[in-house]
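When the chains are written out, they are named A, B, C and D in that same order, and each has its own residue count from 1.
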Amino acid sequence: MSIRVAVNGYGVIGKRVADAVRLMPDMDLVGVADVASDWRIRTAVGLDIDVYAATTPATAAMREAGVSMAGSLADLLGQIDVVVDTTPKKVAATNLPSYRAAGVKAVLQGGESHATTGHSFVAQANYASAVGRDLTRVVSCNTTSMVRVLGALQGAGLLARARGVLIRRATDPGESHQGGIMNTLVPESTIPSHQGPDAQTVLPDLDVVTIAAKASHTQTHAHFWTLQLTRSASRQEVLEALRAAPRIAFIRMTDGLTALNTTVELMRDLGRPRGDMWEVALWEDVLSVAEAEAFLTYQVHNEAIVVPETIDAIRALSGTVTDGATSIAMTDKALGMRHRFLPAPVRLHDRVH
Amino acid sequence: MSIRVAVNGYGVIGKRVADAVRLMPDMDLVGVADVASDWRIRTAVGLDIDVYAATTPATAAMREAGVSMAGSLADLLGQIDVVVDTTPKKVAATNLPSYRAAGVKAVLQGGESHATTGHSFVAQANYASAVGRDLTRVVSCNTTSMVRVLGALQGAGLLARARGVLIRRATDPGESHQGGIMNTLVPESTIPSHQGPDAQTVLPDLDVVTIAAKASHTQTHAHFWTLQLTRSASRQEVLEALRAAPRIAFIRMTDGLTALNTTVELMRDLGRPRGDMWEVALWEDVLSVAEAEAFLTYQVHNEAIVVPETIDAIRALSGTVTDGATSIAMTDKALGMRHRFLPAPVRLHDRVH
Amino acid sequence: MSIRVAVNGYGVIGKRVADAVRLMPDMDLVGVADVASDWRIRTAVGLDIDVYAATTPATAAMREAGVSMAGSLADLLGQIDVVVDTTPKKVAATNLPSYRAAGVKAVLQGGESHATTGHSFVAQANYASAVGRDLTRVVSCNTTSMVRVLGALQGAGLLARARGVLIRRATDPGESHQGGIMNTLVPESTIPSHQGPDAQTVLPDLDVVTIAAKASHTQTHAHFWTLQLTRSASRQEVLEALRAAPRIAFIRMTDGLTALNTTVELMRDLGRPRGDMWEVALWEDVLSVAEAEAFLTYQVHNEAIVVPETIDAIRALSGTVTDGATSIAMTDKALGMRHRFLPAPVRLHDRVH
Amino acid sequence: MSIRVAVNGYGVIGKRVADAVRLMPDMDLVGVADVASDWRIRTAVGLDIDVYAATTPATAAMREAGVSMAGSLADLLGQIDVVVDTTPKKVAATNLPSYRAAGVKAVLQGGESHATTGHSFVAQANYASAVGRDLTRVVSCNTTSMVRVLGALQGAGLLARARGVLIRRATDPGESHQGGIMNTLVPESTIPSHQGPDAQTVLPDLDVVTIAAKASHTQTHAHFWTLQLTRSASRQEVLEALRAAPRIAFIRMTDGLTALNTTVELMRDLGRPRGDMWEVALWEDVLSVAEAEAFLTYQVHNEAIVVPETIDAIRALSGTVTDGATSIAMTDKALGMRHRFLPAPVRLHDRVH
């Protein structure tokens, strides 16, 4: 029997989660709830997704705007097993009582605090501890990428200390007409920024400090890391530890993928829905190791990276799959995730022999 | 029997034409040719498209880079009926002798001059005159949009004179790391700009003057028109003349589609491949008519708008469909083109009755 | 005796007006008032300008922040003849009672409505009608430029009808970290936009329609005009009518001034304070005339263009100079305004003969 | 007797050096040489600077364009003691023979290699070793800032190891219509980037690694540093070491200086020529120290920071001032450089007592 899922908040993350749920063989998307009544929610109607009004004022606004509505949030909660709350920052915490009252499990997002859920989730790191829980929180895009990459190195016994600079996109493409920064760079006013401690909610032993800033672009974050290793290591050892982890894809400057926009274009070319890149894209040929220090750079598609994690979190809470690796494999296959975006080069001798 | 098609030049336009050809029920994509050997062409390999080297140096470069190659451009031309040349500006003219030698028909793009082909093409305006020709030129994105919109009003006997300001994107998203403009606006150095005369290669009687400039964004053009009508007309008359034309979609500010990026996001949400908008998106609620003057604004997705025109041009040259409306309908259905991107509002009484 | 002036609102316009007042031989800047207590107002202190707190909360905030304060707005108003109100949009109207109570004359800015003051001001158009008034409004940057340019042609009997597209900067450079648009263009939702009617508050007989949009840059507006002339005219006639007007400077694409940023750089190179361009910069070699139609493009430095107008408005209200041309000449000389930014080319024969 | 100076290359750096030379009490600007014949060089003419043609083709082009010329580069070199070569990257090396032939000393810029000059210069670090030399190279803007800041900490015995991420502006404002990046971020393809080794040409014992990227803005660089200290230190100790160095100015987020553009605006407000910031602007309240690690962020105005260093280099080569601190003080006073841009807060008790 399929897991019955709702998405509350049909925004940047919510609409992607809704699509992903529809691609999973073991899940049904019962509907989405939102407060918008403009093109954003009418698009969902056009995709044959049942739309519910998240609040009483939203009901009136949707009716006024002629949005085809299937009912209220309460109606939706009555039909499901797990709700994914992708409402704006700090709203989810106020929704928890309704979720409890309806007896549904809930996956929150990284805008909420760890304390709100008592559990923070990244599939490769702690799937097992979420199995059967009522509540978890998928950490933010930046934190997810850090757990994937730094966690892989920590898991391999290679990582002593991580110091990172996170250059974030200023706003999302679909909202860039309303706010954002222009021709500037905005450093966060405090070092360390919050992402380090946030990663420690998943990997408590990580020695990590982050510095963050917003730059004048709308697409994807870039992280630059200086890593103190536990010992002198070869570049190959570091690469292999990263290759062993799921959801990290390797890209290369020498393939012409030299900037954030080229990878974004590659996703469009691959036919990815909305041009989404669920993987961390790590520049293989930029990675540099000198004695016990490693330096690396990767790209994070902030609109998309938490989508597979959210799918796994749904499955973990539902209790239907107890093994993290199994869930990750199911999710990645259904989405079409990869370790490598380009076909391997064909060498002449390969074809001769 | 299907029309056998090749695409020479797997860039911004070429890769989209290749995809579109693969969607057509009456066409086969035999292969694509290019000179690149980096991620751009390897993406085609990954999509199971046969790749040919466009030149002798390209053959060597592709082999060196390990790109799986099916042969040379000459090999490709030997297997097809129509080639679409989407090589960079001014290159296509130098390719014509090869096309003639191979006995294949050719569709060129708007970067080439009208004189090179003797025929300039926009499906709704002059499909018939291209039927069976050896050669045509699909006009540029800006010109195509002008022919669609101004041509619709001219065809309805409403348009006396058109004066437009064209604010162009500065470069394409996939190439924005290499060149472009930053925090400025660059007016063209001459008025009129070339787009007016270019539209007259398709609609000779159009009284049109354009002023053009590049703005600091990468996605889509915006056109702003002041139209002198042949007589006082109502807003409704103007709208109806536009609605009667194919490939114009109406959007509304009041739906929240208030800026170029919102429409781009809508295309992503609709699941369009690469987020493409083949239609001219005309703001219905901005259109204003005062006595014998009309003012209107629309958005042109420069990466995508010529794709359906190119498909029709292939069909016209091939001679397999002689009626323009039939070809347009085939193309538009296969691509999923629309007059309206959002579902119509549902009104309460609609549901009651 | 000098005109004693205060500036209320030390923002983008106010700080420039304060500087300009200090440059005038017939004016004294008594002080500036503001509500900010951060770097912006502390800069004024550093420039030895007396700072007053505009409100009671501002007094507390400035004291808390350690801003050296000379007193309250009431204290300031008690020492002056004319106040320039450069507070944010719609605030000035609420300040009028205080100004009246203090018996001071007031110059408001274009964010306020014409109805608030009953008089709208552009020096070259209607200086005389402001002489001795208690109140006037210097129209906005866009409107000021329109009155200068279109008014010059109308005054020469050449202009029948003006249709313009105004591409505005999205936000100012000093505020671009807080809001703005990114990688998009935002058309105004209504045609005509408000600038046409606004120009008619100064030039009632102008037949003008404007279409406006915001583009993704922070520096200066660009206007693109299609002008119906009263008769067929030569390019030379149009140029001469424009040359006869004050505060229009001619620039040329062929001098390498090909984009908004190049003119901004030129102002820096000329040593202009804050890089200000008080003139409308009109591209002489882009101006095109065909029979009874003219097309032209100019650039408007929105941070600076109203500064000389505001100076003239102070003088007009004060009644000390009754002739507009005299005031304009005084202002322009003190600021260093020009009709031409570059030295005239030297020709060999000029030097030989 | 004044040092007679020429500037060869009137571009972004050259025009600023020319202005600065004119402000120095002990220097005369004899003239500038360039190859441009457009607005850029005509601006120099307008500023009453004697212009020389840098090459024979430039002589013809300037004559054609009507640029008032004082002679050839050879003519200029015959009248001076020191030439500052600010021609584009890699050109200066080809000019050296002419400089030697003319018997003039030469200051090159950071685009040239250390090997070309055998000496790399930052005034606070190694003025003395340049005294009387024929040739030196003022290192690049990024390197200069690193030597100032890291050198100050190294000099205080506090710095063990520096790891930095340098987010560079993509192009300069005056050239942003011709090339640049849009809505993306471009990481350098290699770690370490060249700035670390470049700093070691001035401070050979520095243990430094840099990672660099270009971001989508035109104004100033931002550096983010993780510093391993030689021992646990207090925040105060680190600050004091930085305060003891010249040419570092402290700014604060809490003063509202929260982004690159706010500091740029502050420079405009301070009346700086061209809005130049010659100081490194270091965020005092972002600086964070934890045991033996320090984290800091500063801003580098790439157009301006090397100007005072270049002035000092001229003086060092000339041999007229042998003490670095004396030269730095002369330069800084003439330019108006500061340690603090805002007046100190006034506290009530300060005024009472």
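Just so we're on the same page, a residue touches a chain if its C-beta (ideal position, glycine included) is under 8 Å from a C-beta of that chain, and two chains touch if they have at least 3 such contacts.
Quick caveat, the model's predicted, so the values are computed rather than measured.
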Hopping only between chains that touch, the fewest steps from subunit A to subunit C number 1
Could you see whether B-D or B-C has the larger number of C-beta contact pairs?
B-C
Centroid of subunit C to centroid of subunit D, CA atoms only: how many Å?
35
Please compute the C-alpha centroid of subunit B, do the same for subunit C, then give the distance between them in whole Å.
42
Cα centroid separation, subunit B vs subunit D, in Å, comes to 48
Name the residues of subunit A that each touch 2 or more other chains.
173, 176-177, 181-184, 186, 216-218, 258-261
Subunit A partner, complex, touching residues on subunit C are 170-171, 173, 176-184, 186, 216-218
Any idea which subunit C residues touch subunit D in the complex?
15, 36, 38-40, 42-43, 45-47, 63, 65-68, 173-177, 182-183, 218, 255-262, 264-266, 268-271, 273-275, 341-348
Applying the document's contact rule, which stretches of subunit D touch subunit A when the two form their complex?
163, 165, 167, 181-187, 189-192, 209, 211, 213, 215-219, 222, 224, 226, 253, 258-261, 283, 285-288, 290, 293, 295-297
